[in-house]
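Structures are listed in the sections that come next.
Two complexes come next, and they have one chain in common, chain A, joined by chain B in the first and chain C in the second.
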Partner chain A sequence: MQNKRNFAPIFFVGPHIILFIVFILIPSIYGIYASFTKWNLVADPVWVGLDNYKTILADSDSTFNSQFLNGLKNTLLFVVLSVPLMIIIPLMIAVSLEHKEVKLKNLFQTLLYVPGLISISAAALIWSLIFNKQLGIVNNLFGSEAVWTTTQPYAWITIIVVTVWAGIGGNMIIYRAGINGVSRDLYESAEIDGAGSIRKFFSITLPSIKFPLIYTLVMTTAGAFNVFAQPLMMTSGGPRQGTTVLMMYIRDLAFSHGESIAGMASAMAVLLGLVILVISAFQYYAMSRNA
Partner chain B sequence: MRKKISISKYISYLFLIVVSAIWTIPVIFGIGTSFRSQTEVVNEGFRLLPVNWIVENYVKVLENTSTAPILQWLWNSVFIATTHTLLVVIVISITGYGYSRMKFKGRDLLFFTLLAISFFPNVVNLIPSYKIIDILGWVNTPWAMIVPGLAGMGNIFLVRQFMKGIPMELDESARVDGANDFTIYSRIILPLIRPVLIVCALFSFTGSWNDFLWPVIVYTDVEKMPVTAGLLLLQDIYGNYRMIGQLMSSAILAIIPTLILFFFAQKYFVSAINLNSGIKG
Partner chain C sequence: MKKGLFFVLLVAIITLAGCSGSDKNTIEFWTPLTGEDGAYMDQLVEAYNETEPEFKVKHVVTSDMYTKMYTVLNSGKGIPDLSIIHADRVPSFVKQDLLEPMTTIVEQQSELNQDNYLDVAWESGVIDGTQYTIPLDIHSNAMYYNEDLLKEYGVENWLDDNVITFDEMLSMEGKLAENQFIVNDALMSWVILAQIQNLGGDIQVDGEPAVNTPEMKQAIEAAKQVADAGLMTPYGEDGYLMFQSGDVFFSTDGTWSSTGHAEVEGLNFGVTNIYSFEPDVYHNRASSHLFAMLANEDRTDEKEQGIGEFLEFIRQNSLVWAEAGQIVASTDVVESADYDQYMQSFFTSTPEQEESLYIYTYEYYPYIQEALDMYVADLVHGEMDIDEGLAEMQKFVEDKVNEGTLDVENAPDELPEEE
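Moving on to the complex of A and B:
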């Protein structure tokens, strides 16, 4: 009996622990280790200490340095442009859907949720055509003359549009659930005190959904730092690497057709990971203190 | 007072209608274009719906089994996503049972340690993960996409949380009747956690189906890749706007399976997130 009690948990949590070690723990540790090595993914890595980091961060003659700085700049630009929209637009939709006199809630929600189920590569194919100069909707409808995906700032606009179009569904439903959970009494007593819609939104709705807001902000931001598919498929990182993000450089260095430069790519990945960690921690701290 | 509410109602409607239109038109445009001939697209320019509806694009796309075998890609995606989802359901329910209903030393410490590690940005483990898949001989096989995702902690967290809401008295009385942990898991707990398992299954399926970066890395064999990675190749094959209809019909074929799933399981997709925010709030 005593024995049985001791061994049974191994059968329940053990298999997953093995998966966790093989597919999360070991690769994470190895990823950090590899960033201090010269590695081509085939031979054994050769320890080089901080050389990769020195090259990436300080050697202004090196292409790795210019790639990293350009990739980081573009990734940050993407985060700054996309994250506010991915929070504010679904929040406005959720508030509108939860308006007590609005009907057809499920129809609107379905129309807005479905694009999120479309894989990003299919979405990018459709939107590339929409932004096409001769054949697309944008130029024909609005008479714009822009060659969207190959000139700035239009290249960024196409990337952000696809991202927002495909990325708001989850946050929208989280906010709806949050707003739905706010007591009706709060709104009614605010109305008796003469509060308008805007006042009610800022004084009741926003504070009540603090946790969903923090959660979605942190998760959306961390996700945005991993951006890869949209620039790859919409602009191929152009014009003149103006939309090449860090994930694209990391993938190219580690997995492109020439010899792999996986050590250098790992160092870039670790630096990107650090940026994500620091910003997530900062967001969590700032929001839970102020909100 | 009454007037104020009406204005906000109309603003809400206006906003919802405009946004819904922007969100819907691209899909209609994509579907419409997939039924237009190349000559019509080039000569008539932009139209939401075709002048002459033709199915030729779909026929050609399905007939191309060499450079862009889209049926093979769709089958690969179906096999990968379905197998992955079934295994996820098994792993998370068994593991969740272990972390919520069994007592062993250091249980919660272990759980939260794994959870904390899993928050570590996964860009760091991307390159070594490829190496591990290579060592296992899984490059260009479905297992490269089926297995690694089973290690995640998010769904286990949800299942554990859900199981904590089930009274322990159920287990205890079953144990008095001589049931062991496996019986309690399969006969009592598994039926009760169905809702959360359905939700996790749906998100695992769509997540696996729509994954992009990882399949682009681990599949180089055209025959073996899932449809999301295949669509990247199409930009070269049907690209430069030479075969627009084919490009669009491929994109539409790629999104049909997840849409069908959504329309059958709509209420679960939405309840999903209620459960999510219930935990956080």
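Moving on to the complex of A and C:
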């Protein structure tokens, strides 16, 4: 028998594996290593064991402890506020676009998708002008007097609005694709049985797009934990560090003006990574079991 | 088909390999000058290259430059031959042995000496008697005034002594039309740092960072008083734009903003010092763009000579740099008649003015700046108690200093080993 080894799969997977190893795996491992060191990015890292973690988690006098807790609190708040909106709104749009009498479906889809393609910094600049007290349309339209970016809860609202505006398109496309894959027969037979549109949505649409839902929920949540640009651009983390998310502290520690504190920053990043990992795993488990 | 894949990989490898290894006869020159500043620097570099030097200069505008510098210093590959760094970076760069002294260059180019540069710019590159940098400019906090508003309220005489005082500003309480303000809160941390000098304070005591000081408190309280009197643009509003739209008497931004303000139609403005407590004591917090050479054993002596020639060219020809709104550091340029047309020439018009430019060179200054940037707006606008804020800022800086400093006894060689 001819023993011909097939190299084709290696060529298909290879580039991805190489990029993954070079840009994700090695940096991750090095990042975890750095979290056990004192390191200023220039000199060789000095091994300090669990010191960084002890400081961050247990030393309540330390600035790093209070920064971590405040950053994590704000990040969690952002996740809790934004993720449900980023799931429910796109789902509702996707379902309504399926209605027979909706015209120009592709136009709507495009209009909702385009914001996701705009750079988040550019988008944040546009939105800061929209929320600007003097020039912005929001205050002129609603006659409100608030300085949006420095008063709570408006500061959070601006951040959530930008995020939802930029983020719904991607999930919507996934849901539309999922819904399109559901057999028409199911809906027709449900109609014959006298099911209304709400019943059809909960009994047919939702169970049929279980996997897209799990996927988007996990990815959106993980993405939301890594939020950085929106609060940085819209509120600079204010007022009173009330919208300073963990990624902002991490970045300031590692790449600010002074000598870098990369070890501590890595430890915070690893802790954030663990939180994301645990929550994603729990979400995946809960959803795949219930669905 | 497999051949096709091989070909793609081959091309990729060749292209990637092409990235490394800089030209032997090119001076690779990194700057953090994004935007218009970069374009003016391009002009200077182009003019130099047209003189047909042995070593041509290749200007690379590098966003996020300091991070990239750490990367190349760590790998030892792709280190730029010349770069521009900010004055406040010099002490920590020198401490970490990241800079090559300018000693040989200064020996070769006799005109590159302190007499030919503004003192404060030149001195910001001297650490323990060694010259590590050659200055390009000083960029300073500056206060722009709206001529029309001053006239309208009959207070043009405020400008007579070139210093606006807190008292003068506070005297306008309750006299302004709705939505008009005396001053904005742009670059507030810089303004506070100037007040600390005005009050005779400092940001360090015996090398230890000192943020929670009576002077700092007094400076912030004074600014808060202006805000409380309703004379400062409200928290979170774009005071810079409000100045440009003609509703604010004074804008405390930077020398480089003059070009932006000049583009606003109908805005008649001039420049003066940052406000102060007394008319005879005034400072403007400044920084400086400095030419520096990152430590690199591969830099040849010939190339260093080429760098010296380029720096000498810049010294003579950097009038273009004034277009960017910066205070040029070369005295040849500053004293030339052409320079007077630029608004920032105000800051070098007299020796006293020159002395008002203050560059912080304390080793841990960057951490203090960071703390101020994080807290000062909340403090000045009354969002946070000043004592509480000062204590947190002090702790913030101390923790960073402790964490950012490697203990000498267990620190290995400061520089990564060169392969």
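Operating definition for what follows: the second predicted complex is superposed on the first by the 270 of 291 C-alpha atoms of A that agree within 3 Å, B and C clash if a C-alpha of one lies under 4 Å from a C-alpha of the other, contacts with A are read in each partner's own complex, and residues count from 1 in each chain.
Definition applied: a residue touches a chain if its C-beta (ideal position, glycine included) is under 8 Å from a C-beta of that chain, and two chains touch if they have at least 3 such contacts.
Note that the coordinates shown come from a computational prediction; the quantities given were computed from them, not determined experimentally.
Enquirer: Using the superposition on chain A, decide if chain B and chain C clash or fit.
Expert: The answer is clash.
Enquirer: A:28 in the overlay: touching chain B, chain C, both, or neither? Say first, second, both or neither.
Expert: First partner only.
Enquirer: I'd like to know which partner A:256 touches here: chain B for first, chain C for second, both or neither.
Expert: A:256 contacts chain C only, not chain B.
Enquirer: Now for A:144: first (chain B), second (chain C), both, or neither, which partner does it touch?
Expert: neither
Enquirer: Pick one for A:44: touches chain B only (first), chain C only (second), both, or neither.
Expert: In the superposed model, A:44 contacts chain C only, not chain B.
Enquirer: Just to be sure I read the superposition right, which of the two partners does A:8 touch: chain B = first, chain C = second, or both, or neither?
Expert: A:8: touches chain B and chain C.
Enquirer: Name the contact category of A:283: first (chain B only), second (chain C only), both, or neither.
Expert: Neither: A:283 stays clear of chain B and chain C.
Enquirer: Quick one: chain B or chain C, who's touching more of chain A?
Expert: Counted on chain A, the partner with more touching residues turns out to be B.
Enquirer: In the superposed model, identify the part of chain B that clashes with chain C, out of 26-34, 62-70 or 116-124.
Expert: For chain B, the listed stretch overlapping chain C after superposition is 62-70.
Enquirer: Identify the residues of chain A that lie in both the chain B contact region and the chain C contact region.
Expert: 8, 15, 41, 132, 134-135, 255
Enquirer: Touching chain A in the complex: which residues of chain B?
Expert: Against chain A, the touching part of chain B is residues 1, 4-6, 8-9, 11-13, 15-16, 19-20, 22-27, 29-30, 33, 41-42, 45-46, 91, 94-95, 97-99, 102-104, 107, 110, 114, 117-118, 120-132, 134, 147-148, 150-153, 156, 180-181, 185, 206, 209-210, 212-213, 216-217, 227-229, 231-232, 234-235, 241, 244, 247-248, 250-252, 254-255, 258-259, 262, 266, 269-270, 272-274, 276-278, 280-281.
Enquirer: Which chain A residues qualify as touching chain C in the complex?
Expert: 7-8, 11, 15, 38, 40-44, 46, 61-64, 132-135, 147-151, 237-241, 252, 255-261, 263-264
Enquirer: What does chain A use to touch chain B in their complex?
Expert: 4-6, 8-9, 12-13, 15-17, 19-20, 22-28, 30-32, 34, 41, 89, 92-93, 95-97, 99, 101-102, 108-115, 117-123, 125-130, 132, 134-137, 140-141, 165, 170, 173-174, 177-178, 181, 191, 196-197, 209, 211-212, 215, 222, 225-226, 228-229, 232-233, 247, 250-251, 254-255, 262, 265-266, 269-270, 272-273, 276-277
Enquirer: Within the complex, which stretch of chain C touches chain A?
Expert: These residues of chain C touch chain A: 2, 5, 9, 64, 66-67, 70, 73-74, 88-89, 92, 96, 98, 234-238, 241-242, 245, 364, 366-367, 369-370, 374, 377-378, 381, 383-384, 392, 395-396, 399-400, 403-407, 410-416.
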